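Chain naming follows the written order as A, B and C, and within any one chain the residues start at number 1.
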């Protein structure tokens, strides 16, 4: 693997998922692979799971890790040709090249601002790192994608599926704040590549990017969509068409124990209790969110392992 | 040891103190014990000594360490059953379980707000971690206790005592800001478990929690209390009865070289010079605050060692 | 080496530069030297290169590293004898002694405030650490000096010089904000110790400290100064006489491809594009800023190596 900025960077998905699951048996088996290799983790935004699981994954592989909150460095400029008279002190051209000399792999988290659709869709932060860095880039959640989360989700579904081709439903949920589409996008893309029966349900008008959902069935009737589901992935995203707006806070879209039935409940976390999903779901045996979060370590570890192998 | 949230978690105090002192001879002797074990350190508040000494202690034992300022992650919710519509993004139920999967031990620092006595006394942050985490918890100073500091204090007194059953005095000092009772509480509790002659002196009305001080003699006359003292531990705390208030700024309670006499001066640091204690004390041979701070490493190390042994 | 707070702490500059270059062949050759040794890095200010390169250098040598933003600890007091009633919680006397017990080497970054010349020139932060710490201090940029940068600059010039005694020009550049003189000061001092033909060019009135520039030729005519230059180091600094003021924003002082000619372009980074230097320079083969930044690792590593050797 040359980088992991999007799901398609994985060449053999099923094999990768199996290998990730095998890593759990002995997480330290490949400690020599990362010896004298450094992962630099750059955060433009808050992180708990991604920060800890990715750092742990790297250390499981014997890597050194340096974590930098970009706020502790210099405000970066991403526009080409700009006269840097305002707030930005350093251009990504220099920053990415420089960091590449201190790192064998660079991992970046950079959320969208959700105010300028074209700018967010351009993925200018992630793409700039890809363009100017001279080492592999790992996406720790960008404006439009969260492929490490999606890989952890795929590992979780693969581990817990009780039948071939389980039914998986992505169900929109309300949220007080405007959230990115990144997690939903990557989950959709991942499901389209797994052997699952996949449906999306959300209020009318809350369609995700058609270039990502493509032929995936969309059902505006949540109850119908959830019927006979094996896995229900609940997630809020702000409106994609009326970009970044919170147009719907309808509590009826909250996931309840009643709606969930016997399905397994998934969420990337953090989750707002009794807004996105009621306590009764999260506190039940049906919730697999903690296992999902655990799989973040092995998703990151298999990605770093494959990238390190590519560096040999 | 299964955890270290309070002094009573130490089963054999005298033995533990002796072992801690022995660690100084070869701090790296038990490097295999922490191999492939991870300490996650979570900070809700500022830290210098606790941060550096605990991280160092863990590394001395061969552990990996991940440090996370909670501000760099998500604002946590601690109330049960709440509808998370406001500022909190993640419930401690998820956070503690999730972090437990990335950590073999979790250390937490969470100061009191000093505005709601019942809430602070409930130790809801520390207790929530204890309740929901699935790995041992270490208290790096909670609302009401600082047991790692108290253990370092006990090590210091044990090392420096020049006679059996030395006289130890805890002497309140003025301070411009409202400070927690945590350090004083844990010191009192620790002294009640050591072979020392222990007295507390503070202005009338500045009584600590009676459930902690119990039968400890309290003398409102500082001069009398300090008579023939071998160790004088100076510390401010805000009022416990009129909770969190600064009711007294009387400079006469500042520790001076004159008052101290031949006793050894102790303080947990940070200390405000010429408010809590005059320069002449801190800059004299009688001050053992630097040695005390050094013992933070070995207090943390013996605690982590005993917890790691409990994990075997 | 007992410490590295200024260039003169290097006893044999040419030998040290050569050794630094040799470190690149096998950066991990001296991993045993740092085993069980801890570098504590303290940041009062923002950092990208210094943070990552110094941490990496220490790890290359097998050291443990603990990074602390001083904002995450306590506000420090530096005045002697002060009554600490205001904002500062801890005196440098305690802080430096305490941290020395957790560290084998302490590295400090502390920029000048640029409002009080005498205070900045006193280097009270760096000097206080030197005075009260009991372990070697490394300067990661202080009020008036950036000797790790200057050493990286010397390595870069030594590596890339195509003839003996190359002509080196330090050329002032405009900048919207008031910047320290530290980088320029250390570069000047370093150049005075290298076998180079060295000239400074800046607008009249922008003289650096005469105690540093001494007999170095100063030419107010940039074009004349740049003639036949082999290396041009471009850097803004705020006015030293009318201290900390931005008295000149003349765009004509910006470095252009035309002015640079065949010389190699140097800058410590971060650099504001099209203010300090035009894109055409930074994006050309003549720019060696990325190589310079890479040499930060080896400058830090040779310094830490020599200090570690001094600890044996």
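Definition applied: a residue touches a chain if its C-beta (ideal position, glycine included) is under 8 Å from a C-beta of that chain, and two chains touch if they have at least 3 such contacts.
Predicted model, so just to flag it, every value in this text is computed and none were measured.
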Touch-based graph of the chains, sorted into line, ring, star, complete or other: complete
When chain A is superposed on chain C by its C-alpha atoms, the rotation angle in degrees, nearest 5: 120
Fraction-based call for chain C against chain B, same above half, different below: different
Chain centre separation (chain B, chain C; CA means) in Å: 39
Per-residue multi-chain contacts in chain B, two or more chains: none
Chain C residues within the chain B interface of the complex: 36, 38, 40, 64, 66, 68, 72-74, 77, 81-86, 88-91, 93-95, 97-99, 101-103
Chain B partner contacts - residues on chain A that touch it in the complex: 27-28, 43, 46-49, 51-53, 55-56, 59, 69, 176, 269-275, 279, 282-283, 289-290, 293-294, 297
